[in-house]
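Chain IDs A, B, C and D follow the sequence of writing; residue 1 opens each chain.
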Amino acid sequence: MNKRKICVVVTARPSYSRIKSALSAIQEHPGLELQLVIAGSALLDRYGNAVDFIEKDGFPIAAKVFMVLEGENPTTMAKTTGLGVMELTNVLYNLKPDAVVTIADRFETIATSIAAAYQNIPLVHIQGGEVTGSIDEKVRHANTKLADLHLVATEDARERVIKLGEAKDKVINTGCPSIDLAKQITEEPGLNFDPIEKYGGVGKSLDWKNGYLVAMQHPVTTEYKQAKQHITESLKAVKELDIPTFWFWPNVDAGSDGTSNGIRTFRELEQPENIHFFKNMEPVDFLRLLKGSKALIGNSSVGLRECAYLGVPVVNIGNRQHRRNRAENVIDVGYDKEEIIRATRQTMKQEHFPSSDLYGNGDSGVKIAEILATAELSFSKTITY
Amino acid sequence: MNKRKICVVVTARPSYSRIKSALSAIQEHPGLELQLVIAGSALLDRYGNAVDFIEKDGFPIAAKVFMVLEGENPTTMAKTTGLGVMELTNVLYNLKPDAVVTIADRFETIATSIAAAYQNIPLVHIQGGEVTGSIDEKVRHANTKLADLHLVATEDARERVIKLGEAKDKVINTGCPSIDLAKQITEEPGLNFDPIEKYGGVGKSLDWKNGYLVAMQHPVTTEYKQAKQHITESLKAVKELDIPTFWFWPNVDAGSDGTSNGIRTFRELEQPENIHFFKNMEPVDFLRLLKGSKALIGNSSVGLRECAYLGVPVVNIGNRQHRRNRAENVIDVGYDKEEIIRATRQTMKQEHFPSSDLYGNGDSGVKIAEILATAELSFSKTITY
Amino acid sequence: MNKRKICVVVTARPSYSRIKSALSAIQEHPGLELQLVIAGSALLDRYGNAVDFIEKDGFPIAAKVFMVLEGENPTTMAKTTGLGVMELTNVLYNLKPDAVVTIADRFETIATSIAAAYQNIPLVHIQGGEVTGSIDEKVRHANTKLADLHLVATEDARERVIKLGEAKDKVINTGCPSIDLAKQITEEPGLNFDPIEKYGGVGKSLDWKNGYLVAMQHPVTTEYKQAKQHITESLKAVKELDIPTFWFWPNVDAGSDGTSNGIRTFRELEQPENIHFFKNMEPVDFLRLLKGSKALIGNSSVGLRECAYLGVPVVNIGNRQHRRNRAENVIDVGYDKEEIIRATRQTMKQEHFPSSDLYGNGDSGVKIAEILATAELSFSKTITY
Amino acid sequence: MNKRKICVVVTARPSYSRIKSALSAIQEHPGLELQLVIAGSALLDRYGNAVDFIEKDGFPIAAKVFMVLEGENPTTMAKTTGLGVMELTNVLYNLKPDAVVTIADRFETIATSIAAAYQNIPLVHIQGGEVTGSIDEKVRHANTKLADLHLVATEDARERVIKLGEAKDKVINTGCPSIDLAKQITEEPGLNFDPIEKYGGVGKSLDWKNGYLVAMQHPVTTEYKQAKQHITESLKAVKELDIPTFWFWPNVDAGSDGTSNGIRTFRELEQPENIHFFKNMEPVDFLRLLKGSKALIGNSSVGLRECAYLGVPVVNIGNRQHRRNRAENVIDVGYDKEEIIRATRQTMKQEHFPSSDLYGNGDSGVKIAEILATAELSFSKTITY
């Protein structure tokens, strides 16, 4: 039997975490051959060099694509995407996959979608149908309209993609593969490593054994000028809370310079004693760190997805996750030091929440691989209404 | 009062015809300043050099963008689009418009959409919400999901865009500006020029005064290998019909080489006495030519739009216009010589059809300009459900 | 033993003819592995689709690179080159060759040079050190300054490259591999095929058995506006000479549209009975055709190289080959019908010339392969003075 | 009289310093119109955002070009250059200058050269003919071969460009405009500002009034892996010297990440008390800082040019300036802590050196403008031998 060649394009560190269990399942499936393409910020040292973890995890890489223009503003985001279309078109032309997988809604994911759709290669979109604010919202639904098969993460998302005019049998709720990793670590929980010892990072050493916070806040592209101000509110809140905190650098987006600048400036001026900064962490270690934390602060989608399953309290700041499905573990607050402090203190009072299966129950990777192996693949469609 | 700067990006000859009356109305509107960008095949001699007509029509051109890669296959289509994103991003960055207009659904129109949306410039999509086959179908709806304001051409399209999750007050049926031109020529109909004398073209001279056909058949991208075979069936049909026919070369698309090749080969081998070939014609002249014809044969959207208003019979071949709204003037046939002959003979029997306002009644350009001058412009949105 | 990986980048039909024997010798050399990259117009149907001949000749292709922008003007030439740098950089990054070969002086060859030199890959330049007019002159010497090893075609060229500040031991006269093919066909000369039967082409059938001309005239980029006028003079001359002529379409260059246009217009208006047009021909067949001809007319470098070895009379038009080394077989004329006619009549009077070894004696391919296998490869150099 | 439009493309902070007096002179010349293009790292915050200084200096900017790909390795350097060709081609196409000026030898300067030369725009190369190590050496001489007019900085360079086959009357020694600025500050010397107060920077405050060093060390592209080790030797030497030192971050080059990393790591681990780090400084302030220093340490060309004129002692590390003309103020050392310490101590013993006019005597800007206004401009040339 000819194996189906499945090309998965990973363009950023968080996308890798989110797709990893599906990559494993594709690799192990007897009917599938994995063609893994690593592109964009996943190749860059400044954004945590995800490619190193990927290689360490044993995934062979079919192609590496440098496509990020410096500048981190809306103009370079657009040009990065255009360059991505050109580069990924080459890659797909040479790999000749039977299907291409594009993940979620980062701005450059539409490059994968165009490269596949225009070359008449069946396009599978993972994690469509969700709702948020910012440019991601436009990109996600545009990806849906370019894709032929939709593997969504929630029931709500499934219904929305169908409302968008996609055929019912082309929209399948597989849950989110990020939950698979979360499930795995709940089987043997506990922080089995010292974060600072293992990952270095910068900042003072922390006495985290009696409880700590995790923070991760990305710039929101449509508010890119306020990025520095927003991050500063959060940093002040965490400093004032005076609880040991592991803080993760933002990913590459317009404005991340505002955010990064904000962090750097705050460090120089305030020298916060209770914050230690990391660029990156292996996904499994990161989930363990979350599981062991008192709360996650920031605006990462991890708060809504993995933390729902893990039951970790989340203080979700601003409108980056606007309208994305959330379980009871999330408190929403504005870009305001006082609000952040109040919400964090409140949510830390209680124990963790019960696990929610809103984003799946830990077998998404296997489901995705099976669908990719058996679904009818086509590249032509018409809206259902 | 500051004039709103409206940047319209025209990437191909047919898009120009379709938007011309709106360009005039924008130019004349006291509250608007037109920034006209000419890109893609509209700059190329091989595709009729639309830019010459545009300059002759008196529109000042703010920027010209060479972005078409040679090859005319799905790979170069995708790369052209990627290059278009990069180039148009530069252009918009420098022009700093208050809104950008992207037209309809050609593959490269998504480049305009990305360049605007990613740079937080309000994006206006003209002629969304329609339904067809081929890659255009994906591109059109993706454009809708990237756009902030939707000026559609039919009621049916208006409803569809709203179903796609766009806010009702952001979706307005203006009719199609191409009808404005059609209205203009019906005011003083009649072929007031000799096509061959005025435009040259290649092929024998024709005695067209006692009736003639017009033919225009584009390749369908998802069937690109069959392009040559499809065009040959149509050519054979027209040869056998033995009625004087003006045939227009296809526009730039993957497979147009198949189509062009088919035409060239047929000319060399069959030397059809009743077909004269043109590359291009001024829009007004083209509409007069249509109005005076017995029927239009092919798969151009002109058959469904302008011909509905003009009442010209249309033999619509294949699935390029699959599911697009049509009035009673259209007969659909397959890629089959006999079917084409039969339908043409049948439809020519009768007089022209009564004018239909399915795609508007001739004032779209003015409506569009007025909306662009007064509508609230934003670049942030969330799906309505 | 590890084989050295030699990446040869072929960007156009004539470059292939010129390098073919070296490709064979590399492929057969026990110490070398050939990585053949086909790019630019060598992939395009409009320019004779050299890639088909290459595959038919049995060379495996490591990568294909679409990089030609439509427009055929100085602006798209420059953009094609920029795109070529980006694309070829990717290709070299992935192929990881031990050395890269760039050929001669076409405008896009500098893309290969930059992609290699900037990535610290030893760059071998073939056919540097010659002198001509037009942009090629600048490109050729810039290639020399980017290259680490120079395999030139004449003694004169060897001396010039050394004068340009290259180390003596890095400049080797191998002769031109195009002569290898010429030598091969002189071993069993005679036209063993009917050109029209084998290659089709367009135009009337010709009675060529009693003598014929071959014509091949490219646009000269710095004179690109005059291209149409120049080609028309040549066409008029050939028509008036009234000798059966096989005419080859020009390659892709700025202005080739002027040249192509000129040819098309002339054909339509003048319908020359004595000219048959071809897009392409297999190199060996082309050389046989030349060998059997009374003279070559035009401005191709074939007239100075292969024809010197073959002893074929050449009427060289204009300044495209300005100052390139020539043997006694060449008469230079201006862009002037009368001059062309006069020179052609004069040179046809005599028999062919004795073979000249100015550009080598038929073993260049083997020499080149041997040098590539044994030379010290480095990517760092400093000017010698 | 029509003013000649002179387009100057500045792609990096140091190029601006080097050309500034010529920009002023062009702007003030009655026969010239300046079209200033700011591109590449000159637009980027990470590299000191030269564009801010340029705007503050009152130069209107005709176009900004984002073209730097992230990654800072040889592959992204090459792709940045390719992108630069495409982008700058657009810019020149729209600006339609009478001549284009490309500066010196940074890797991306060849993009300017190609964009101009291929579009038949006369190309003026500033500061050709010098000799160094690394990729700059190849790029500089390739620029020479693409350029039509050569305004060099030393007699030695003038002779070398002529040896490279350029016509004598096209090669003029104008001196280096960077010396103009140096001359200006010698007219009223003395540090009239507090560097840390005015520019911030990072690191401890320094008591610099009793003498200080300046350090500036760039990665050398052909040795890019050793960048971190090299910079560390220098940092150790400076720490051990224990003299207050102002250290400038490197510019954007492959390996600058190695260098930057080296600096960051050293700072975290060693917390040097005597080093203060800056990203950028206004050129005039930087020259004053140099003039007031005991010595410059590193590998910047400033050490050989401006410092020759200023008479400032220089400890020049490694082979980045290999074979570039130097006056008596320079001591060359290897990448070795001990050597650096020894040379610094020795050279500090003496007073400053007498001023050398090796790179001009302070009127280069005016000379350059005058030549640009009066020289015959052409875009076609042939090698002189």
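Here is the rule we go by: a residue touches a chain if its C-beta (ideal position, glycine included) is under 8 Å from a C-beta of that chain, and two chains touch if they have at least 3 such contacts.
Not measured: the values here are computed from a predicted model.
Visitor: Which neighbours do subunit A and subunit D have in common?
Guide: Shared contacts of subunit A and subunit D: B, C.
Visitor: Looking at B-D and B-C, which one has the bigger number of contacting C-beta pairs?
Guide: Higher C-beta contact count between the two pairs: B-C.
Visitor: I'd like to verify one number: the distance from the centre of subunit B to the centre of subunit C, where each centre is the average of its C-alpha atoms, in whole angstrom.
Guide: Chain centroid spacing, subunit B to subunit C, equals 41 Å.
Visitor: Calculate how many whole Å lie between the centre of subunit B and the centre of subunit D, each centre taken as the average of the chain's C-alpha atoms.
Guide: 52
Visitor: Enumerate the residues of subunit A that touch no fewer than two other chains.
Guide: In subunit A, 75, 79, 83, 86-87, 90, 93 touch at least two other chains.
Visitor: Report the residues of subunit C in contact with subunit A in the complex, numbered from low to high.
Guide: Against subunit A, the touching part of subunit C is residues 63-65, 83, 86-87, 90, 93-94.
Visitor: Name, in rising order, each residue of subunit D that touches subunit A in their complex.
Guide: 41, 43-46, 66-71, 75-76, 79, 83, 202, 257, 268
Visitor: Could you list, by residue number, the parts of subunit D that touch subunit C in their complex?
Guide: These residues of subunit D touch subunit C: 74-75, 77-79, 81-87, 89-90, 93, 107, 110-111, 114-115, 117-120, 131-135, 137-139, 141-142, 144-146, 160, 163-165, 221-222, 322-323, 379-383, 385.
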